[in-house]
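Should a chain be cited, it is by its letter among A, B, C and D, assigned in written order, with residues numbered from 1 in that chain.
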Amino acid sequence: MLYIVESYQSGKALKEEIESRGIPAWYVELWGNYIVATPPGTKIDGLRTPVKAVVELKTDYQLVSRQWKRDPTPVVIGDREIREGKIFIIAGPCSVETEEQILTTARAVKEAGADALRGGAFKPRTSPYTFQGLGERGLILLAKAREATGLPITTELMDPEDLPLVAKYADAIQVGARNMQNFTLLKKLGRAGKPILLKRGFGNTIDEWLLAAEYVALHGNGNIVLVERGIRTYDKTLRFTLDVGAIAYAKQHTHLPVIGDPSHPAGDRRYVIPLALAILAAGADGLIVEVHPDPDKAWSDAKQQLTFQQFEELVAKAKALAKALGKD
Amino acid sequence: MLYIVESYQSGKALKEEIESRGIPAWYVELWGNYIVATPPGTKIDGLRTPVKAVVELKTDYQLVSRQWKRDPTPVVIGDREIREGKIFIIAGPCSVETEEQILTTARAVKEAGADALRGGAFKPRTSPYTFQGLGERGLILLAKAREATGLPITTELMDPEDLPLVAKYADAIQVGARNMQNFTLLKKLGRAGKPILLKRGFGNTIDEWLLAAEYVALHGNGNIVLVERGIRTYDKTLRFTLDVGAIAYAKQHTHLPVIGDPSHPAGDRRYVIPLALAILAAGADGLIVEVHPDPDKAWSDAKQQLTFQQFEELVAKAKALAKALGKD
Amino acid sequence: MLYIVESYQSGKALKEEIESRGIPAWYVELWGNYIVATPPGTKIDGLRTPVKAVVELKTDYQLVSRQWKRDPTPVVIGDREIREGKIFIIAGPCSVETEEQILTTARAVKEAGADALRGGAFKPRTSPYTFQGLGERGLILLAKAREATGLPITTELMDPEDLPLVAKYADAIQVGARNMQNFTLLKKLGRAGKPILLKRGFGNTIDEWLLAAEYVALHGNGNIVLVERGIRTYDKTLRFTLDVGAIAYAKQHTHLPVIGDPSHPAGDRRYVIPLALAILAAGADGLIVEVHPDPDKAWSDAKQQLTFQQFEELVAKAKALAKALGKD
Amino acid sequence: MLYIVESYQSGKALKEEIESRGIPAWYVELWGNYIVATPPGTKIDGLRTPVKAVVELKTDYQLVSRQWKRDPTPVVIGDREIREGKIFIIAGPCSVETEEQILTTARAVKEAGADALRGGAFKPRTSPYTFQGLGERGLILLAKAREATGLPITTELMDPEDLPLVAKYADAIQVGARNMQNFTLLKKLGRAGKPILLKRGFGNTIDEWLLAAEYVALHGNGNIVLVERGIRTYDKTLRFTLDVGAIAYAKQHTHLPVIGDPSHPAGDRRYVIPLALAILAAGADGLIVEVHPDPDKAWSDAKQQLTFQQFEELVAKAKALAKALGKD
């Protein structure tokens, strides 16, 4: 249940009143609301603290549901905004490799029309023997690229202990697919003070994805962007199966922005553009896409990163499609 | 291996020559070519029969590959054509129910811009206790709807014995997902004399789908349209997971037209339009979509069929999107 | 609903009475019962025809449910019986290749303790270019092997038109995974006069498997053995993922015998024995396993067929395990 | 590549020598060996430091491979040992709830023949609104249960920051399915000083599971037990699909002990015993199973926990089966 109250004071009072009855309660300020949340299904009669509105939902996720907050939530990244009705494009290399690489890419993707720069400094790698990212040096290079181009930057956080470090540099913090149910991390991101790009785990259901967002929101951070990036299925022709249905569903059932990553499901740059367009046509508010100055020489994900020229083609097509769908 | 020859006579001669060496060979006339096909990897030196071109492919499918036939194959259905560069929309109810139902639907979808009418007369049903279709009476009603509207009709064939009956009425014959690897049926469709809409099985890989098409082609019928309709994955939020990657892949690796069915993966009409647009954005040449005059009262698939009004909205959006992508 | 009646006459009368009320009804004689079946949920009051018992189930499958028929159904194959409480082992090559191959195998597997011989004469193959089986000649060779060893024989039927031919030779007819939802075939098998080994489709749920059995039973044939053979999942380390949970579930929810095929999920003979033992430990009533005199030279499934020696090892371990579980 | 050397000194020297050539190297002491590891495929000629043996593997995992270390690795938990050739049973409730609950359970499972007690103090929960475990208080209660029964205890670690706390109480530390690719956590467990029970992620391949073990080993901890607990597939009849093939594969390709969890894939206590027996028959070295004094009242996983009586039945059957398979 969600109890919308008038003020911080009412919220604190209500939380205490509910807890005194043995029911867990959380107080959060989100999207302009003072909210006390209790577990779904815990209806409480005869509360003394005054309440503006009570929201009862049949879903396990509550705060992020569109059933009570019908207007879409915009999320500000740097000086820009991801919001319903336009498309937001984040582009950049899989990993930050060198200063030249990241600066060249930042300039190229900005020129082509990107809204933000991505680049991995801490890389989750299946094998302990492969390149694990430049760490803080990668963050410093990203910050240089931001300085040079004005593009806000997004990068992945893996270790909760690195949160202060990553938050110092990044304009938005990515949660990788493998960490979508790292609840320790999600709770700490509730107090990150930065927007979160929450990738769906490749073995996770849509409900689990929305509940992961609920973890972040319930711990205080409402600036969440959902990122669909493909799931594991029996078919291995492409690297993952992009789930456009998840985009359509998430857009209808949550008020958060939803974007898609065409690079990981494609696994091969030949399929990135069609997947990117499918993401947008399914209703997504933007893209996060891998672009590299010389993809074949990339230190990771070499096969799937776009060249600058392909990225320009993608942006042109994406903008034409967005316009046809009535978006900015 | 594919051996392209000059004439029927050369083809027959070459087939005999190859078989005399103990290698199986098939002779087919497809897409304006005289072709002798042998299993992949069976290179034969010193053939006496003159050959125009030898095609060696690394894939298991050969005839349907775009590697040797780079121009896309158009497929004629009734008096219309599915082809690359435009979009073709097939619409109609899951099952033919009554004369009024099918005539009303035919008129409505034609008015809205559909290119063909679909309707099931023989229904593959998971339970033996549920409605199995009107059988021949359904075919007769479809033919009436064609007469009334001029729309060509497509319908599913389940029992190979019913092929003459279905071919008598239908302008194109659908192979359902559950029959995609019914090799007996596929071979017989090689001699159907009608175009085939080949749905991908919900548990089948892309390669198996293309090899199912190869079965039909190798047995003489090159008029095949591939239909992606969603696969089974661990996520059950929607009914199936639409695999837009399969569309992108099939468009690049085969010369056959590829269309998508948004109704079955959606399983709920709220998600049909976004999935339909994603199908087209991924590169498909058209759609096959379920539409019903009063979906909630439909005898099968009630939840997922579109109303006439929703179908009009879909066509309008599809056409805008197609235009933005440079299609007719 | 199932209505158990006293006699053929009552059954026919009841069927007519129910149909006269506009409800579909089927009359079958199965497992010593005279049964009229109607779709689940169709409760009918005030029937005039006398009824011994009315069975109302919450599942979509009815006849094959263990809820009303609590005693396990034995199935007779040749002069032997598959039944709960013992283990029944069917062994033989993937495909019948030559007279020597099938005779040698039949003798070896009999010697080792097999209860029946398997061998494919009609082979469902993903590619149209690969070996499709010897056809009737394969059936004749199987019959010779039966004559030589006394082992009953089982083989796959693909084309409904071949039913009389296959039924003439085989002691039990296999339905392959790809045909599990070939409803045309299932209905015809209802009148096959031979026991059916019904393989689960690799993309099908347990419920769909039980409903496929219901198709066969409702059309008159109650001699059905369920065969779990692995499903498609995202993990491709082995060929398929053997679903032992499906065995445990099917044993509790249906009265039909359940056996398992360890060869197809293993895909490699190194894993066949552990999978076979897991099948039995999960509660299966037997095994169907591929054995070949010289597996590396087999015309199909070369990697996964056992040698004679491995099969002997399997039988010894299976018997020890069965004994430990309190089986014969 | 793995370089086996004579001593700590040689190892350090070799690591430096290799790194001086620009190749990453790790030094570890594991299972009685001094090992320098470099990424697979990095063959280095002309090394000056003397080397006892060079191991070149084609797999991405190296240390945990059975190709070079053919003898199985035993893992000591408390005063007991998980090792090939016997079965080790860990049992206990999903979550530690109360002192009485955990003490009663510990006594009952010990009496029935369990080798260790499990119990969750930190619970990874899909929803932020559900019970997240007692935290340190749960650890203290587990320690009391150990004191009372002598059973070693195992419990899950979620937050890397809690490692010192958990290591203080637990005899073995569990990594949950959702954390199998939490590489930050895996690296820290390399220095945990306690054995690790590494659950396979429900969306992870077998190779990823072995590489997760490689992470732990490469960071210094060779006391790893692999735990198969079911994967996500399209079939939802049971909670997860137990992958017995993964057990068979892991036993052949790694020298680490492998156990199975039948409770989570079953999701319902009716299926736990058959799945447990299938796990053992597939070759596993033991079980980890949920048992509760009053399962229906459990605070989590109520449906799948065994009663004490069912656990006794399980142990009796498991021991009979183990004996039949030639195990202690």
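The rule we apply is simple: contacts are C-beta pairs under 8 Å (C-beta built on N, C-alpha and C of every residue); 3 or more make two chains touch, one makes a residue touch a chain.
Keep in mind the model is a prediction, meaning the values are calculated, not measured.
When the contact pairs of A-D are matched by residue number across C-D, B-D or B-C, over half of them reappear in B-C.
More C-beta pairs touch across one of B-C and A-C than the other; that pair is B-C. Farthest from chain B, judged by the mean position of CA atoms in each chain, is D. Chain centres here are Cα averages; for chain A and chain B they lie 37 Å apart.
Each chain gets a centre from the mean of its Cα atoms; for chain B and chain C, those two points are 32 Å apart. Computed from the mean C-alpha positions, the centre of chain A lies at a distance of 49 Å from the centre of chain C.
Annotation for chain B: residues touching 2 or more other chains are 203, 207, 232-234, 236. On the chain C side of its complex with chain B, the touching residues are 24, 37-40, 60-61, 124-130, 158-161, 178-179, 181-184, 187, 201-204, 207-208, 211, 214-215, 218-219, 232. Residues 203, 205-207, 231-238, 241-249, 251-252, 265-266, 270-271, 274-275, 277-283, 317, 320-321, 323-325 of chain D touch chain C in their complex. Across the complex, chain C is touched by residues 203, 232-234, 236 of chain A.
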